[in-house]
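Below you'll find the structure I mean.
The letters A, B and C name the chains in turn, as written, and every chain counts its residues from 1.
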Amino acid sequence: MFHIAKRERFIITFLIPTFIFFSVFTLYPIVRGMHISLFDWSGSSEFMTYVGVQNFVDMLHDPIVWTAIKNDYSLVLGKVIGIMILATFFAVAITRFRLRGTGFFRMIFFMPNIISAVVIGVLWRFIYNPNIGFLNAILSLFTKQPIRTPWLGQEDTALWSILWPSIWAGVGFYFLLLMAAILSVPTSLYEAAEIDGATQSRQFWSITVPLIWEQMKISILHIVMTTLNGSFVMVWIMTEGGPDNSTQVMGSYLYQMGFRQYHMGYASAIGVLILFMSLITTLIFQRLLRRDEVQLS
Amino acid sequence: MKKQTKLFVVMTLTLSLILSIAGCSGTDSSSSKKKSNGLTANGLAGDFEIQYFVGGYGDAWWKDTIEQFQKLHPDLTIKQSAGPKINDQMKPRWIQGNPPDVVYIDGSGSNPRQMMDDHQLLDVTDWIKDAKNIDGEKLIDLMITEPEVYSGKTYTIPLVFGAYGNFYDQAFFDKNGWSVPQDYSSFLALSEKIKAAGISPYIHPGVYPEYIHGGFLFPAIISANGDHGEILKEMGDLKAGIFKSEPVMKALNQLSEISKLGYIDQASPAINHTDSQMLFLQHKAAFIPNGLWLESEMKNDTPADFKFGYIPSLTQSKGGKLIAIPYSTTLAIAKKAKNPEAAKAFIQFVFKKKNALNWAEKTGALMNVKTDLDSSEASPVAKTAMKFYNSDHTLVAPVVVFNSDVEKVMKDATIALTVGKIKPEEWAERVEAAAAKARK
Amino acid sequence: MYPSQPRFSRHILKALSLILLVVWSVAVLYPLIWTGLGALKDNSQFMLGKPWAFPRSPWLWSNFSNVWNQYHFGQYFINSIVVTAISSLLAILLSATTAYVLARFPFRGSQILYYFYLSAMMIPMILGLIPLFFLLNDLNLINKLSGLIIVYTAWALPFSIFVMVSFFKTLPKELEEAAYIDGAGYYRTFFDVMLPLARSGLISIGIMNALNTWNEYIMGMVFVNDPVKYTIPVGIAVMQAEMQYRTEWGPLFAGLLMSMLPVIIVYMLFQRHIVAGVTAGAVK
């Protein structure tokens, strides 16, 4: 057939440009970033001092780091649960009940996904605004006293108030994925189940879920990763981690420490922690979800 | 050419092409700009870059002043790096050692103390002693507040002088028959009346706790310290135990008290300054801690019958002095300035009375130059404030810049205190711990 | 269970579902409509405490023209389009080649390379922000759209490779083998046979990358500080910060709306293709 050399040359021509590009513009900056985590550096000075793992030791004793980790995982769990329930429900409802207006719903639901997180953050800050936002105005319709809850200013509501727009913005995409997955399930399976008199919920658990499990898994992993790495844009725009650090996530704390409090070395150490958290979490989720998959199929 | 080699070439070329296009356009712009600094027949020459933050004061004064400076030095190529996000945007250039020549240090993401610690600013200790403006007046003699001395050196020159204080609507107070409280106990008594009328006595922007610090907590600390302002300096110097000291605790208890009594508007922790100011203008709240820029910042939204009133502090005991917490934002020259001569000339140009009047008119606030505002178009608030500062009954505290870690902890703790999440003791513990860490 | 019950509960379920779908649609649309209403109001109307109220006439169309005149929205759009289009195309080219090799040409270390890219998906990009700035600066790519294009391309690679590997794996091997038997080389097989087959996957990652790039904010803000080179999210963030100092709620809403509307219109026009594209890659 072909020369070995030819095959190798092909592999190399296809791999090397991508690899170089990626190494230069992603890997190298990240490795540099990890390197910075070993220094005491303000982030604005021209000078840095080597401190070894001191930044990591400090991190263990920093209560805000722990709050941030807790918040990160609250957001991950909240988003996984919220988005998956809503997206699955909508996908099933639209495909299985053959409702009218499918195209309409599909079009509407995806809309928040094409809007930038910055715009969504700004918009929802206004929605939650205690005085000019419409959330309080709508709630006030049902109460005697006008409601003036400062949603983003109270520790017990702030994080949830950030979670909700994240779900709002995320559902559409996963809804599309799951809907397409369900549509690729052979209808004959459902017909057979109908004849056997299986209820909707039976059909859902024993046909739909096992057959779209792969897509559900991908969706969950994708939510986990994007949340751990990306939730900070919303947090930063809506609360900057406040009040009293109650909505701080790792990403926003990194930004706060690196760009507001001038500890870029420490901020980089937080970045390294985020990296490891993401890796471990993804691995754990993959494990958990894989076992289920084996069971069901 | 063989197909596979061609493909390889195409693919690598696509990449290098982008790099080279970018590279080319970059080199020619930098080579054409190589003009020498120094004096020509038309004054200064070379490149000169000014970085300034654009916030509540707007940029009208800057544009105006820089234009005049340009006229004086037509051969100077002036670049203005300005905007509300300019501090974040310019930061990498400071790290790299390629800063602008002059920087106006203001707004989020900027901290003069940090810039000094990072050795980014030019030591102007000797220069500022004798520097004269272009009218021949010594800069030092003109200033209301003198440049801060940090470890024996001067790096920054205060450009804007302002003070925090508490604002109210005089017309609204008159209508309701409320009189402005002159001490803490009458403030409490009045608050009770205001609250009974369905209005919040006090509103503040919880997103920016420096407002309630400047208008309430810090004056209270000084009052509790027998009207001695040094305590604020000691706080700034992070003296051990200072955040647990009696005056601080007394002031924290006052803050905690008005919070417990429900005098602080519920919306406060969630809102920024403009939101709180809008609510204040709508008479949803009676007092607001703020700075002298308030009136100009809100001029488009101020109802016609609104009459701004200003009192520096509300926390003094009977007969105690009013305490004004000053606020200053500074100009500095970068240590690595490429054109320090132009930078110095610019500062000398800026500090003259005419520019100070122009500042007052454009921004409604005060530039750090002693001028007679009465004849100017400065806002009435600025004029009253000026009278307060000149009176013996008012103490103007020293300008203090905090370490940014300690300041952050202090701000967070203050908000936690105002919503009743923590007690004054815990505030003290937190800040004391942060100070101990920062002293290391 | 009685046989009649499923049918009955089915109707209830159906009605319930419909209600929830409608509720969600309102939840999605209303904030956008609210933005539209706010864009025509002045500050005093914001303070009335009736956020759902229609703007009082005369409607303040001037809010739009104010924003349009003060900010270079047209330019932001062009910048965003250029950056998004080129980086998405580049990412497709660079990821498809690698993914194809990883999916079809196992070699020693190919698994390692795959996991290398896979784990890179979890890298928080903010960690590399400052080093990346210096790198771009050394390469003379700061303050240039080309710099942004390169960065966005690089950051899109891991995810694209991940999706494309699984996509190539699902394609039948027979077609390739037939091509080889016909005498086509590796390269021709890839470009003439495999790429067209993988079209839906490519479109899919193209759309996803385009969405991410279009909405990216942090790098856009740090690597570009020349107002005529802002992308839309950066323009919006700057506008938001400035308006906050001036309490210009109406114009701010107008700006938000102007940043959303063109995208929403394009989306509505090509809705079918976009929806198909998003799902094609992941569902196979």
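Everything that follows uses one rule, which is that contacts are C-beta pairs under 8 Å (C-beta built on N, C-alpha and C of every residue); 3 or more make two chains touch, one makes a residue touch a chain.
All values derive from a computational prediction rather than experimental measurement.
A count of contacting C-beta pairs for A-B and for A-C identifies A-C as the more extensively joined pair.
Compared with chain C, the chain whose C-alpha mean position is the greatest distance off is B. The geometric centre of chain B is 38 Å away from that of chain C, both derived from CA atoms. Distance from the chain A centre to the chain B centre is 37 Å, each centre being the mean of its Cα atoms. One finds 15 Å separating the Cα centroids of chain A and chain C. Multi-chain contact residues of chain B, defined as those touching 2 or more other chains: 4, 7, 11, 88, 95-96, 278.
Residues of chain A found to touch two or more other chains are 10, 17, 21, 43, 131-132.
Annotation for chain C: residues touching 2 or more other chains are 47, 97, 130, 150, 185-187, 237. On chain A, the positions that touch chain B within their shared complex are 9-10, 13, 17, 21, 42-47, 128-132, 148-155, 240, 242-245, 256, 259-263.
Those residues of chain B lying in contact with chain C across their complex are 3-4, 7, 11, 14, 18-19, 21-23, 25-27, 54-56, 81, 83-86, 88-90, 92, 95-96, 272, 274, 277-278, 282, 297-298, 300-301. Chain C meets chain A in the complex at residues 1, 3, 5-6, 9-10, 13-14, 17-18, 20-21, 24-25, 27-29, 31-32, 34-35, 38, 46-47, 49-52, 94-95, 97-98, 100-101, 105, 107, 113, 117, 119-132, 135, 150-151, 153-155, 157-158, 161, 180, 185-187, 190, 211, 214-215, 217-218, 232-233, 236-237, 240, 249, 252-253, 256, 259-260, 263-264, 267-268, 271, 274-275, 278-280, 282-283. Partner chain C is touched in their complex by these residues of chain A: 1-2, 6-8, 10-11, 14-15, 17-19, 21-22, 24-30, 32-34, 36, 43, 86, 89-90, 93-94, 97, 99, 103-119, 122-124, 126-127, 131-134, 137-138, 140, 146, 168, 171-173, 176-177, 179-181, 184, 197-200, 215, 218, 225, 228-229, 232-233, 237, 250-251, 254-255, 258, 264, 268, 271-272, 274-275, 278-279, 282.
Interface residues of chain C facing chain B in the complex, by the touch rule stated above, are 43-44, 47, 90, 93, 97, 130, 133-134, 137, 139-142, 144, 146-147, 149-150, 185-188, 191, 221-222, 225, 227, 237-238, 241-242, 244-247.
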